[in-house]
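Once you scroll down, you'll see the structures, which are given as structure tokens.
In the two complexes that follow, chain A is the common piece, with chain B as its partner first and chain C second.
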Partner chain A sequence: MFGIVIRRLLSAIPVVLIVATVVFLLLRMAPGDPARVIAGDMASEEAVAEIRRDMGLDRSLPAQYLLSMTALVKGDLGHSIISKDPVTKMIGQRLGPTLSLATAALLLTVFIAVPLGVLSAWWHKRAIDRVIMASAVLAFSIPAFVVGYLLILVFSVQLNWLPVQGYAPLADGLGRYLYHLVLPAITLSLIFVALITRITRASMLDTLGEDFIRTARAKGVPERYVLGRHALRNAAVPIVTIIGVAITTLISGVVVTETIFNIPGVGRLIVDAVLARDYPVVQGTILFFSFIYVFVNLAIDLIYVWLDPRIRY
Partner chain B sequence: MTPARSSRVGTAVSAVARDPVMLTALILLLLLIVVSVGAPWLAAHDPASLTPRMRLKPSTAEYWLGTDSLGRDLFARVLYGGRLSITLALLVSAISVLLGMAIGLVAGYFRRLDAVIMRLMDGIMAIPGLLLAIAMVALGGANIVTMVTAISIPEIPRIARLVRSVVLSVREEPYVEASVGMGTPTWKVIVRHILPSTINPLVVQATFVCAAAILTEAVLGFLGLGFPPEIPSLGSIIAEGRPFFQRAPWIVLYPGLFLALLILAVNMFGDALRDRLDVRQSRKTKG
Partner chain C sequence: MKQLKLLAGVMLSVAALLTTPAASAADATTARIVLHAPLRVLDPVLTNGYITRNHGYLIYDTLFAMDAKGQPEPQMVDTWKVSDDKLTYTFTLRPELKFHDGAVVTAEDVVASLQRWAQRDPMGMRLAANTAAMTADDANTFTIKLKQPYGLIIESLGKPGSPVPFIMPKRVAATLPSQAITEIIGSGPYRFVPADFQAGVKATYLKFADYVPRKEPASNFAGGKVARLERLELVTITDTQTAVNALRSGEIDFMEDVPADLMSQLEGVKGISTQTYGPSTNFFTLRMNWLQPPFDNVKVRQAALAALNQVDYLDAQIGDPKRYQVCGAMLTCISPYKTEVGATQTKAPDLERAKALLKASGYKGEKVVILHPTDLPILSSFASVTAQALRDIGMTVDIQSMDWTTLLSRRTKKEPVDQGGWSIVHSAFTSLDLMSPVVNPNLDGRGDVGYVGWSKDDEMEKLRDQFAAEGDFDKRRAIAEAIQKRGYDQVIFVPLGGYEKFKGYNAKFADMVDAQLPLFWTSGK
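Up next is the complex of A and B:
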């Protein structure tokens, strides 16, 4: 197992470099001149030239590339134009709320979506199945910000049960922390619940048709064990794969949810940076989130080995 | 129109009429498209004309969906926003399908290029699409070219992967081998024998790209990064309504409802199409 971990970690290095290169190329190839955008419409040519020099945009493309890659290898994501703080530090300061939100949403997803998917597969083509699947398509189609405002309208404005906006760190006590986290976590998880429910159902249906399930039932294994141990464990690989791929959806959702609920997280950081035209922060945050994606998927590769001992790398 | 063609259209029509999900989705979708395209004729007010004394009014006979914080007619703004969403979705799906198809065909057919191209595609897939769009729009300004580019790029790798997988499975088929063996030029093999197999999954995927593009444009507008305020977009109408949410929730809710219905119709249509056209994919998600 240790060997596998080391080998997978090493194999992530080229992926990280490719991702960094792609981000670099796409942002440099984007139409428009970042220096001019940062300087604003009223800026003089000199001011634009100065910003260009400051950001190293006057150098040749290969020189810029080399510079940002060497910085990256040292763990440097650049500095904010406005506060002059290192981007890594700014991300670090805002990581708590984002991690809390993402974890809460993932937990909600797994605890709601997997049972729903199993139920749906078990009642295949019956009323329950149809209701669950129809709800999943519906939930998948409502944008997070519409859901968020509906929830606020009902639970915060009308019923006055939950706060309209804001975030409380865990240091303020578990109660306050969860109180502020409920609505954002539900908002963020909804699209995920829809997605994972569908995948769980599909994967369970595939597995339930296999011979070993028939054998298990024939030898008198109780149905809850057939579903839980025999079927779900074998159906888990595609479910976990989709969770990994959908991490990008989760990250996009974090950006939107943090904006709706005014949560000071990393998602909010990128939106504020864009509005303030703080270009290095934008690029650094994108890189950060992309690396998260790479490492989550790396972790998932390792989970496969545990879920299904037949898988070897 | 030749008889063969009209009978194919007839088959398609009767197939749609027998599938209640597809029929519902199609009717809803057509309805939304018609009201959006017909916005200039359906809306009694100009979406940009300000009537300050009528600000934040709930729906009335004159203002069907009420007014926003500047006294603009919400009905007109929502319809014009829908028009923008639909236009953008069609542009994005046309561009990403064309580019993704070209990349997928090349990667699947020319083995030497495959590894390089697919690693690059993996790289793009690792970047959260919304963030990439945010950054590109922030750098390039919110004009239609940047917007379409920014929303298309994250979709291209998915299309390319799909096309590549179809190409990989089709190119080993005897009829393709036979054609290659008879000395058919490569471009002709691709266009005549491989391309047709990619059409069905591509049509299905294109509808999902439309749904994703509508959502991304709305999110960009919601975050304040969309088109300039004089162009009504569903996302930016919602963003402008946010400060008045407790007093006038309809400014957020009506465009939100329109947006949700639009995405729902496209998704339902895509699901129904997939069940019908793409046997391989539909086996994965349906029983």
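Up next is the complex of A and C:
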């Protein structure tokens, strides 16, 4: 197990370097000038050129690349061109809201989707199965911004039960923290609930048709044990795979939900940085995401081994 | 039974947790405000971005300020005099001025601040070019000695548009204008709280207890700046629908810019008011590229002008005629120098004349590339309206869509259109930035060293110099009219009309001063 972890971590190094290089080149190839963004619409070309020089953007591409990579090797993601803040500090400030939102959405997803999928498989082709599947299709089809605005309209504007927007850190109290997370977490989780419900159902249906399930039933094992201990565990590998994908997507792809509910998370940070051509922030955030992907994939591989000891790497 | 009790307990706990009051309730002296864009750059000289200008008005003060009649009135300045030869201006500062760190504002701070600003601002550059010396005579007196009489000294020091000549401590103003200041200290009615600042997310301003407002009631940018609220929290909400919902639910107290299509959601909501900043506070423009065909030919520019119709643009973009103003004044319809001379696009277009002009120009079907910003809703309709008008007279048009940041960069390209160049861009300005020929960048006639579009017109530059040198208002108005006539003859740019912006707010801002920008002090009435 320890060997797997070490090998995977070592293999992450070239991945991160390749990501850093590709992102560096893509950003420099993209049109747009951060100096112009800072100086403003009406600034003269001389003023923009001075700012560009002060930011080091007038250096050659190889020189900029060398500087960037040297800093990266030292663990320095650089400073924002626009605000001058360290990129690590900016990611740190935005990570709390994103992780809170992703965790809440993930918990909702797992605790709703997996039981629904199991129930649906158990009652295969019966009314409850059809209702769950139809709901899953609907939930999968409605965009997050529609769900978000509808929830705001009903629960915030009409009923005034929950806030329209914003994020409260845990330090402000558990009540305020959860109060602000409810609607965004529901909005964000809906599509994953639908997806994982369907995956769980399909995987469970396969497993429930296996010989060992028939044997278990023939031995008189209670149905809840058949489902929970025998079927679900054996059906879990594809479910865990999708949950892993969901984790990475939840952390890196929550920008729509963050925008609707005005949550200052990492998703909004990267979109704002792209629009402002804030190269170090874009680069640092994407590198951060690549680390997250590597670690989540590693964790999932380890869970595979735990779920199915036959799996070897 | 045990399970039921447990369930009831859990539900009650959740209910207790969720009934925590909304953050907005804070108290009557704290307000949460949402402005039109995220605040990221704090230096109002480094950038001319409007969001940084608005931030600047909270924490900095100015020597003079424009009142509701458009006249500059003393603000930090107590008294001032001009020598008989009109070459020496002497200013005395109000004695009670203090920076937020407690230091007294001195004439040296003023001189350093003006010198930094004058390296960035076109009006400041003209002032510097006409100045022989700017000196601090004693702690609160400074003098500007001119090389020759110059008519816009006071207007320059009270310039309300971006970049504004805000006064900073000398040590801060010593920063190069191409580098961002790191200390955000002013002498205005609010002080900035650096520890609470998160770029693009939030900023906090506290009432500056030592600020002494002028005795006169507030009037636009001038008069007594009386801050009633103790704490202003600037929060960024990028989605305007979310901001409107937040205002309705009481989570925010002020929204700078309520889009036209969302106004109805605030009308009739108890405790919420909407109010205009005034007619034509914002202005649309169209600018052509003079360096490349076909608009390097004045006849083609004239043909294009004859084909355009302001109402088409304003209907497409704003919609409600009550919220827009048809206006052919190149200096906008809020300028004291406004005139309609030469404007044709304010009436129905004369397509026959346009076609005749195009034929006479020798136009050979050269492609017109219109840059279209996809992420700036306020300009979203303009490219298609222009394209249709030009196609109607037989021009070949290509609309190229891109994000605003790309567009800003793309429009600096002087190459032909098939090498990444462009032909037409549209813009939206705060009218404050266009109302004088000296500050209006669209009237720049310096060619390829000037504003994008690179209009080259020596006659225009001569007229602008005359305007700047002239001290008499009536004579300046005559020159402004000549400038506009020349501007339309050459089609230096095309005004596309004014529109009103609306603010939305609750009772905390009921006595906010009426101004063309969001200024967070009371009207004093």
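As a convention for this text, the second predicted complex is superposed on the first by the 246 of 313 C-alpha atoms of A that agree within 3 Å, B and C clash if a C-alpha of one lies under 4 Å from a C-alpha of the other, contacts with A are read in each partner's own complex, and residues count from 1 in each chain.
FYI, contacts are C-beta pairs under 8 Å (C-beta built on N, C-alpha and C of every residue); 3 or more make two chains touch, one makes a residue touch a chain.
As the structure is a computational prediction, the values presented were derived from the model and not from experiment.
With both structures placed on the common chain, the touch criterion links A:V87 to neither chain B nor chain C.
When the shared chain is aligned, chain B and chain C each come close enough to touch A:Y149.
Of the two partner chains placed by superposition, only chain B is touched by A:V22; chain C is not. In the superposition on chain A, A:I132 makes contact with neither chain B nor chain C. In the superposed model, A:Y293 makes contact with chain B only, not with chain C. Looking at the shared chain after the overlay, A:P264 reaches chain C, while chain B stays out of its contact range.
Contacts of A:L275 after superposition: both chain B and chain C are touched. Of the two partner chains, neither chain B nor chain C is touched by A:I243. Applying the stated contact rule after C-alpha superposition, one finds that A:G166 touches chain C and leaves chain B untouched.
Chain A uses residues 30-32, 37, 149, 152-153, 157, 259, 275, 277 to touch chain B in one structure and chain C in the other.
Residues of chain A touching chain C in their complex: 30-33, 36-45, 47-48, 50-51, 53-54, 80, 82-85, 90, 93, 149, 152-153, 156-157, 160-166, 168, 173-176, 178-179, 182, 259-262, 264, 268-269, 272, 275-277.
Residues of chain B touching chain A in their complex: 119-120, 122-132, 134-136, 138-141, 145-146, 149-150, 153, 211, 215, 218-219, 222-225, 238, 245-246, 249, 252-253, 256-257, 259-260, 263-264, 267-268, 271, 284-287. On the chain A side of its complex with chain B, the touching residues are 15, 18-19, 21-23, 26-27, 30-32, 34, 37, 121, 124-125, 137-138, 140-143, 145-146, 149-150, 152-153, 157, 198-199, 201-202, 205-206, 248, 251-252, 255-256, 259, 270-271, 274-275, 277, 279, 282-283, 285-286, 289-290, 293-294. The residues of chain C lying in touch with chain A in their complex are 16-18, 20, 22-23, 38, 40-41, 46-49, 120, 122, 162, 176-180, 182, 198-202, 235-239, 241-242, 245-246, 248-249, 251, 375, 402-406, 408-410, 412, 427, 433, 441, 449, 451.
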